[in-house]
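Okay, so subunit A shows up in both of these, paired with subunit B first and subunit C after.
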Partner chain A sequence: MDLLQEMSEALQSGNCEKVIALARQAVGTKVLPRDVLDNGLIAGMNVIGDKYKHHEIFLPEVLLAAKAMYAGMDVLRPLFLKDEMPTLGKVVIGTVQGDIHDIGKNLVAIMLRGAGFEVVDLGKDVPAEKFVEVAVQEKARVIGMSALLTTTMPAMKDIVERLKKRGLDSKIKTIIGGAPVSADYARHIGADAYGYDSVNAVEWIKKLTKKS
Partner chain B sequence: MTKLLERLAAGDILVADGAMGTMLMERGLQIGQPPESFNLKNIGVLGEIAREYLGVGADIVQTNTFGASRLKLSQYSLEEKVEEINKNAVLAVKKAAAGRAYVSGSCGPTGEFLKPYGDIEPKQMVDVYEEQIGALIDAGVDVICIETMTDLQEATYAIKGARKVSSSIPVLATMTFDSTPKGFYTVMGVSIEEAAKGLETAGADVVGSNCGNGIANMILIAQEFKKYTNLPVIIQSNAGMPVLKADKVVYLETPDFMAEKAGKLISLGVSIIGGCCGTTPAHIRALRKAVDTGRS
Partner chain C sequence: MGEVVEISIRGVMPGEKSVMLLQGIPLSKKPPENAKELFLVARDIYRECVHPAGIMKDISQEEFQDVYNGQSLNAENTPVPKIAMRADGLALFAVTLGQTVHDKINELFESKELALGSMLDSVASAGAEKAADIVETRFLQSLMTRGVVDKEAVVMRYSPGYCGWHVSGQRRLFEYLKPERVGITLRDSFLMEPLKSVSGVFIAGKKEIHIIEDSYPFCKECETHSCQERIEALLEGT
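The block that comes next holds the complex of A and B.
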């Protein structure tokens, strides 16, 4: 079997050791690190994302595959010039202030990295200003906000408004997600998109970063 | 008061209470504040809420301890208050119930993943639940309710924690399912069959589902539970799924609608019927009526 295909499959079954070994083997030969990333790791995560979307697999399989993906990325990172992995763009994400639920947000981070985005994960209970500050600092193209609680949703509106006030809303796009929010709510607060699950969030972020 | 499990064995149908979070918000719970903080500073409110549900005929009233495990409380730097938070919640509800209803100690998920998906070792998970459930039982709860679980392994460790404290306390265990094109599964991929059999094997006395669905789906879930277990089944339905109306989250299933549908739960042989997110004392009053009518 093709080495990268084998790596993609090892990643899908969450086999960290095998992914690390194959990544080392691949970069030891003449395969470009970029190819390993795209056709090994990202290809594997694409399959995982797709299967998750279609309920063929559940959270545990995704979490294990993500571990394998991170392990593979650690092997590749030193091989890219200037310490920079090729990226589709930078996304700042976090769970909004007052909310400590981060499983959904973490899943989006996994899927984004798996799709080739660079993710700055601010964690949970993140103040509105911090989203904006870090996004500007990091030259991020998208801010992703998550909330599980109906009580913390208004914080999303606050973040979108802060961007608008500073005229940053054309440069930095916004996407929201989480159990209580909806496409309607995104429109209502002026966010650019709503991701109904982690895979859908990545699809939207791809669209948002393409336009600008 | 007759023991809960004896009543269920005799074919009684019991009514459990409804939502807690929304009741706390109406009474001043602020954004970002853990609901359990009321157990330290606003204990009076806990009795008040319990009395509302008791007043409409709930047979089982829950403690405000859904997130009162060490792991969850540590998110708010309250991990050293596990005992106090659990104890205060029980005492407040117990006083309100005054022997007229069963006091159920609520235990929600820790919010952390077990290895290999996360960092928590099985032993630590058992310990965390043993500590919380120990505090609940010491303070005098009548039953333990392990609820809103999505990981069968975590639920199993929670039940194990309960059994380490007491071999006789009734343990209710419920999981939360999503409707997928392939049937009902938790986000961790647990089917109803696996849940029913797994929770029973782990030592639960009553199994079922809470949260995540409105009552129409809960009827389907109850049907499946009855297929895979002979234990009594508990169903605590949301008042539908949350929808946004003018910046406010609302649940659209009315008390009458839920009560009408509850007839189906009764005919399926569900033993405990209660509410979850979005249900109010009005919903519980309607469910009470449905149960009383369905029984006679």
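The block that comes next holds the complex of A and C.
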């Protein structure tokens, strides 16, 4: 079996040790780090995302695979020059101010990294202005906002409006997620997308970054 | 003054099925072996770091209406006050699993033990409901002992943030119940800390009073419609 295919399968079964060993073996035999990343790790996470979407596997298997992906990325990271880790783009993500639920947001961040995006995770209880400031500083292409409380949802609108006021809304796209929000709410506040789960959020962010 | 209810660790140990459901694994599917292993590890960690506590306080119909009205942000037409008006007994309650379990979940996520962190989160969520079950049973027993209800009576619990009861209702609920006595505080966003806490009202009475249709305007925004499952379980006596 092809080394990278084997790595992809080890990742899918959540076998961290094997992913690390195969990543070391691959870079030792002069496989380009970029190929290891794209055709080993990201390819494996894409399969995981697809199976999860079709209910063939469940959350624990996704997260075990994600841990293996992080382990593989740790092998590759020193091989890329600083700031040259290839990515599909940068996404700033966080749970909005007043809300400290972050499991859903963490899942989206995991799946985004697995798909090849660079994620700047602002954590939880994040003020609106910080989303915008960091997105500008980091040249992010997307801001992802999460909320679990109906009382904190309006903070999402505030962030979208701040982007619009500064004329940044065409450059920085917005996506929202969380139990109380919906596609209707996203439209209502002028956000570009609503992700109903982590896989759907990644699909939307891929679309948003392709368009812009 | 509310009654502090002692809750044993054993009492808040959740079963595998309820946890797997929270992990998105339906009852009709056999959980994968690695998920079962994670569950056992998470349950052991949980046992070591959970500090359950609960508090409840009987309140009158009038007091409950005041609590329920809260900051006047509830949906226009909601079922809870109607159910409460037909109740034989009402009590506010709050339970928590303590801060340590929440810290442990965060610690696992930060160290990239994602699957275990997520499993512990689900174990704790299921455990918090078990804590609420224990206090609920205690309330029903207390009503029976006092002769307020007979053995046919049932209790269901309702919480701010659900069924049209605006989450800002937490403020008034906290003023009446004072769950700070068991370590639960309220943030400005009406979120409880520790995060693995549950609060609300117990409504005791005949089964029939709890039967509602999920056709209220706010039901459209509800993803789970779990009220119907709870009513079904109540009618089946499970």
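Keep this in mind: the second predicted complex is superposed on the first by the 210 of 212 C-alpha atoms of A that agree within 3 Å, B and C clash if a C-alpha of one lies under 4 Å from a C-alpha of the other, contacts with A are read in each partner's own complex, and residues count from 1 in each chain.
We adopt the following convention: a contact is a pair of C-beta atoms (placed from the backbone, for glycine too) under 8 Å apart; a residue touches a chain by one contact, two chains touch by 3 or more.
Computed from a predicted structure; not experimentally measured.
The superposed arrangement places subunit B and subunit C in clashing positions on subunit A.
Contact with both subunit B and subunit C is seen for A:Phe58 once the two complexes are overlaid on the shared chain.
Of the two partner chains placed by superposition, only subunit C is touched by A:Ile110; subunit B is not. Of the two partner chains placed by the overlay, subunit B and subunit C both lie in contact with A:Ile100. Look at A:Tyr70: by the touch rule set out above, it reaches subunit C but stays clear of subunit B. In the superposition on chain A, contact of A:His188 is made with subunit B only, not with subunit C. By the touch criterion defined above, A:Phe80 reaches neither subunit B nor subunit C. With the contact threshold set out at the top, residues 14, 57-61, 63-64, 67, 97-101, 103, 149-152, 179-180, 182 of subunit A are in contact with subunit B in one structure and with subunit C in the other.
Against subunit A, in their complex, subunit C makes its touches with residues 23-25, 29, 31-32, 34-35, 38, 109, 112-115, 118-119, 121, 161, 166-168, 187-191, 193, 195, 221, 223. By the touch criterion given at the top, residues 25, 29, 31-33, 75-76, 111, 113, 116-118, 150, 180-182, 185-189, 242-244, 247, 249 of subunit B touch subunit A in their complex.
Contacts from subunit A toward subunit B in the complex involve residues 14, 54-55, 57-61, 63-64, 67, 97-101, 103, 125, 149-155, 179-182, 184-185, 188. In the complex of the two chains, the subunit A residues touching subunit C come out as 14, 57-61, 63-64, 66-67, 70, 97-101, 103, 106-107, 110, 149-152, 179-180, 182.
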